[in-house]
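When the chains are written out, they are named A, B, C and D in that same order, and each has its own residue count from 1.
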Amino acid sequence: MSHNTFGKLFRVTTWGESHGPALGAVIDGCPPTLPLSEAIIQPWLDKRRPGSSRHVSPRQETDQVKILSGVFEDDRTGGPVTTGAPIALQIENIDARSKDYDAIRDKWRPGHADYTYDAKYGLRDYRGGGRSSARETAARVAAGAVARQILGETVHIEGALIQIGDKAINRANWDSSAIGENPFFSPDPDVVGEWEELLDALRRDGSSTGAIVELNVSGIPAGWGEPVYGKLDAELAAAMMSIPAAKGVEIGAGFAAAAMRGEDAADQMRAGEDGPVFLSNHNGGVLGGISTGQDLVIRVAIKPTSSIRIERQTLDRDFNETTIETRGRHDPCVGIRAVPVAEAMAAIILADQYLRHRGQIG
Amino acid sequence: MSHNTFGKLFRVTTWGESHGPALGAVIDGCPPTLPLSEAIIQPWLDKRRPGSSRHVSPRQETDQVKILSGVFEDDRTGGPVTTGAPIALQIENIDARSKDYDAIRDKWRPGHADYTYDAKYGLRDYRGGGRSSARETAARVAAGAVARQILGETVHIEGALIQIGDKAINRANWDSSAIGENPFFSPDPDVVGEWEELLDALRRDGSSTGAIVELNVSGIPAGWGEPVYGKLDAELAAAMMSIPAAKGVEIGAGFAAAAMRGEDAADQMRAGEDGPVFLSNHNGGVLGGISTGQDLVIRVAIKPTSSIRIERQTLDRDFNETTIETRGRHDPCVGIRAVPVAEAMAAIILADQYLRHRGQIG
Amino acid sequence: MSHNTFGKLFRVTTWGESHGPALGAVIDGCPPTLPLSEAIIQPWLDKRRPGSSRHVSPRQETDQVKILSGVFEDDRTGGPVTTGAPIALQIENIDARSKDYDAIRDKWRPGHADYTYDAKYGLRDYRGGGRSSARETAARVAAGAVARQILGETVHIEGALIQIGDKAINRANWDSSAIGENPFFSPDPDVVGEWEELLDALRRDGSSTGAIVELNVSGIPAGWGEPVYGKLDAELAAAMMSIPAAKGVEIGAGFAAAAMRGEDAADQMRAGEDGPVFLSNHNGGVLGGISTGQDLVIRVAIKPTSSIRIERQTLDRDFNETTIETRGRHDPCVGIRAVPVAEAMAAIILADQYLRHRGQIG
Amino acid sequence: MSHNTFGKLFRVTTWGESHGPALGAVIDGCPPTLPLSEAIIQPWLDKRRPGSSRHVSPRQETDQVKILSGVFEDDRTGGPVTTGAPIALQIENIDARSKDYDAIRDKWRPGHADYTYDAKYGLRDYRGGGRSSARETAARVAAGAVARQILGETVHIEGALIQIGDKAINRANWDSSAIGENPFFSPDPDVVGEWEELLDALRRDGSSTGAIVELNVSGIPAGWGEPVYGKLDAELAAAMMSIPAAKGVEIGAGFAAAAMRGEDAADQMRAGEDGPVFLSNHNGGVLGGISTGQDLVIRVAIKPTSSIRIERQTLDRDFNETTIETRGRHDPCVGIRAVPVAEAMAAIILADQYLRHRGQIG
């Protein structure tokens, strides 16, 4: 994890700003002969795309991905497959309205990275947040689609939103098939109406709120992860915390584990047909930084969108006190579109850990 | 972060098992001419040392550190300073009672990494958990002491325990000076009695419980951190999640941010004498992955110790169903000794990010 | 150095095949506020460009670079400067005649990476050598131009060709100003005629030959380099050996050092106005892996172009014996265009080592 | 390759100074269940050990290695095997005569890294060269022995000395069985007498000379190496150039390739029983940075020992002009003991590339 590259054998480098001509990813270390085409990647981008409902940013981006390298016709099938060479993916920015941002050129938006980019780099591309914009995550999603080709069909990454604002789902209602059928990735159909009302109200107020994303990953065998610093959960935590607006990460019982007793927290084992069957999953599928073969359970807290139409106190770049309202086209809850991003990050970390495991143990 | 090395310019590699002859760390990339001696490192190890109260493991380890390389007499002062060469630190294991572990040689302790190490590596050093033992963290603490020499006096890392089991501190009572004066690193003197009772009861029951560690770090200037994957909070999250038994990490408001509104969550700014003054710190001192100059606020959830004397269901290495009680000398709440470990991890990440920042921006 | 990324703080990732739509580089870790525009990069690409004389490949590529990210208007000057975000550079392939390569689709060209790519990856993009083509080096040259902005005006990297085939320059004739005035980057004007004759004869024969590149780098202060494995000369050696067709690297006296006596090889020192003056430079400006402040002297041996019109024995992909003549548009001596590539590699390694030094020592 | 760690999946970190209490290596990423004991490592250290003939340093070091972690009894055989945890190796320094070095405390020895360490780090451990001493290579040799356990019996690394001073071997006399039977690792028994005379004369004069090491590595299958920057030959070049006193590296024909014609240099292929048979090996077993299945052929130029008893001009640390003769116990030709070091470096690079290959392609 450094600057704009992550992964060790499966390495993803991303680039691009919110209002530049394009953004993209270069994927290095992808195994050869995996089927890969734009048609395979595009559905994942469509899932994250803005403009898909009234509850996300109305910015119109088709987010069409182009593959510029690393893929060639397979001798046997004639279809395109990876070659082992770096895979360059590119997405053009189409609907960038940079003029919207003249008002914030010289002011720091509270909650955004405006001040910190200026403090670190001495300048910032203020158009839409530049590199700090969540638009950057389109490249992660595209790279995640490539990672999924390594993981194959047996690994299933299910992302869902389990809370918006202070309204959590009722876990008793969990229905995985519902996730794709509402604009919130909610597994609880009953909460959808409440969330719509909440977001409509927030949009009217020019305000925003946070959310909690949950990932459940099935199909990971026991043994992935590199203790003691490249632990599977440690790398997942870094990946999740690198998502814009993320403020917390939990594995399994997470913070609730603090209040448990040892005999309840330690997942007991019984003999199953293909190995251990665990009687609970408080550890979220990871013990000692290595996958147990159970489902991975990961939760990510996403803070409220910082771009709001409500006047806030701030400074300009000359340290004068002023106020700001952020106009432009924004998600009232960035947590929604964080779901496919979190899924992509998990896919990338898992693909990389799998290859590393195969290298060391294979 | 990979296997047993972390950091990029300030790199720490640790080694050693719970019941081997010794454990240690090699620190590479430490700047030269920093004062460093065993006397500088030892107090940090003493803070983490087992046997210091009835609430932690009674294993008797003096944890005396030896510096084997990387330090030489300074021409000017005659005192020992770093030379820029790798610094090898070593701590002998003295009170290792390997016989305690014959009973678990062929059984997997629930909640421990026994099954996963066997699944990954095909064998495990079962004596005290081998490499997966929290004893490994002594090397982290020693390395953290070196990192502090880079950070200097202006950076202050204050670790505290804010919850044991379901008993949280009262934040209104926060008194930093109290932290060092009770065996729990509690900043709330009033909770100490309750925690003593809780732990005494757990010890009688042969049970254990979890805890929450909080770090407050002052003195970090604005500008440290490498977006978008080497973000300061992402690397801190990985470092904290790599601590044995950690199950969750929060920065600033953390999971509570999910329920906030944008106008409350975005920390407003006013003009101060030396830069911005923030009216709140819901972001925990990090925006866009870069430090803001505010205090860093990090919380880590620690699960209950998995070594308990209560019978639990498990399997042996031949996948036969059996039960297990873990005897030996264990902490009823590993969260206590996680405090100096979390401090050390923060010191190492911060020292590394500082050097990287200096390299790129300096 | 791994797969397609090199550098540690200044990291260059390149992508693209000879006959794909484009090739490019993503540069991460470039310090902010450095002036950077396409106009600054383009001259370096022009120096490497094919089609510039009859002695290099007639392929017509304009090699126009586009900057897609990482640059923004400077507040003060209004000119474009780096922002600290990743810099994406892209060059389109225009004159790719893939049909030329149908003949080699199923045969392995001796001396090329055809067999090894098939052996490693299970398939290869046979069009012009795919990723193994020297066309890939255009991206290195573009990245090298960015590295030069870090190094600044005081560092001067002078690449020259000192031998083609068995015809070496006469060092007594060395005239740096001559290098840019002949199509061979020869510092010896007197050898140019001989080299023209040699290459014309080789081209008539459909043959090729090798060459030796020499780099002299001035303006590097004492102190860059990271012993004992990130030594300046070790990293330069890797960088040079990664250039297509490179078979040897020397620093200073190089292989001739084997025959010297200690009293001749050790460069003596006298006092100069600004530090030591060395009485010789057999060590090529590096001692113990750290720069001495003298000129760096690096030589790289380049083998003959493997694409020749002379029939050679080989195998097809089904391991049947066959013969091959390689047609298409090729350089009779790839060593010529290796000069700007070697310069670029040196610039990248030096920029990275400078930033690392600044991080650790600054 | 950075500072004191190299390798990517098989990572070696070394530490220790010439006259400190000990030196060592930590090996991370070694696959589990490989047999490993001190008895397996020791013979390789004995091969490099000083004091073994009158032609190398008379310093008396037994170089006994201790394994402090990462090894445990195998369930099946009862013998010690690797566990997948980091392997700490340690060698004590016994015969360190630091007083010998008081004379050079404040002077820079020409040809040594004295001046550059002072220039970089602001101080240096002057005792025996500190970290820049070739004594550091003992740790490389120990790590190389571990790497060989990964490579297995089929890979054979044969190092030999092919030139001392200006006296080269006669290749027609090459006899691999002779290498172990003379103190020079010479494959040509006939040159041994000449070399003895040469070295005796140099020792009488208090002078020294250089040498050329050649490695021939058999048993590497086609397919190892990571183009375009992690090429097998590029990483071997870096590894070889990191050896103290190395000034040049060649693969296959090396610098002689510059004078060849394309039809001679391109190794032709015929069909063999198990794949291609090459009619020559001018490429030294590497094409496009990937192994061909042929023998790897690597040569390394080693400069003369800089520690000589002949007076040379130099400066003291206050930049005053002075002279120096280096007394103490030194090798008249460090190239001899560079043979096992070069072998070890090759073993480490090959083990790492093998694991990386297995991860990406496996």
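Definition applied: a contact is a pair of C-beta atoms (placed from the backbone, for glycine too) under 8 Å apart; a residue touches a chain by one contact, two chains touch by 3 or more.
Quick caveat: nothing in here was measured; it's all calculated off a predicted structure.
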Based on CA centres, what chain would you say lies at the far end from chain B?
C
Chain pair showing more contacts of the two, B-C and C-D:
C-D
Cα-centroid distance, chain C relative to chain D, in whole angstrom
27
Between chain A and chain C, what's the gap in Å when you average each chain's C-alpha atoms?
38
Express in whole angstrom the distance between the two chain centres, defined as the mean CA positions of chain B and chain C.
45
In chain A, which residues are in touch with two or more of the other chains?
2-5, 8, 14, 29, 32, 84, 117, 120-122, 131, 356, 361
Applying the document's contact rule, which stretches of chain B touch chain C when the two form their complex?
8-9, 29, 31-32, 84, 355-356, 358-362
Chain C-facing residues of chain A, complex
2-5, 11, 13-17, 20-24, 26, 28-29, 32-33, 68-70, 72, 74-75, 81, 83-88, 117, 120-125, 130-131
Given the complex with chain A, which residues does chain B contribute to the contact?
1-6, 8, 14, 108-113, 115-117, 119-122, 131-132, 136, 163-166, 202, 207-212, 222-231, 233-242, 244, 246-271, 275-276, 279, 282-284, 286-293, 299, 301-308, 310, 312-315, 319-321, 335, 356-357, 361
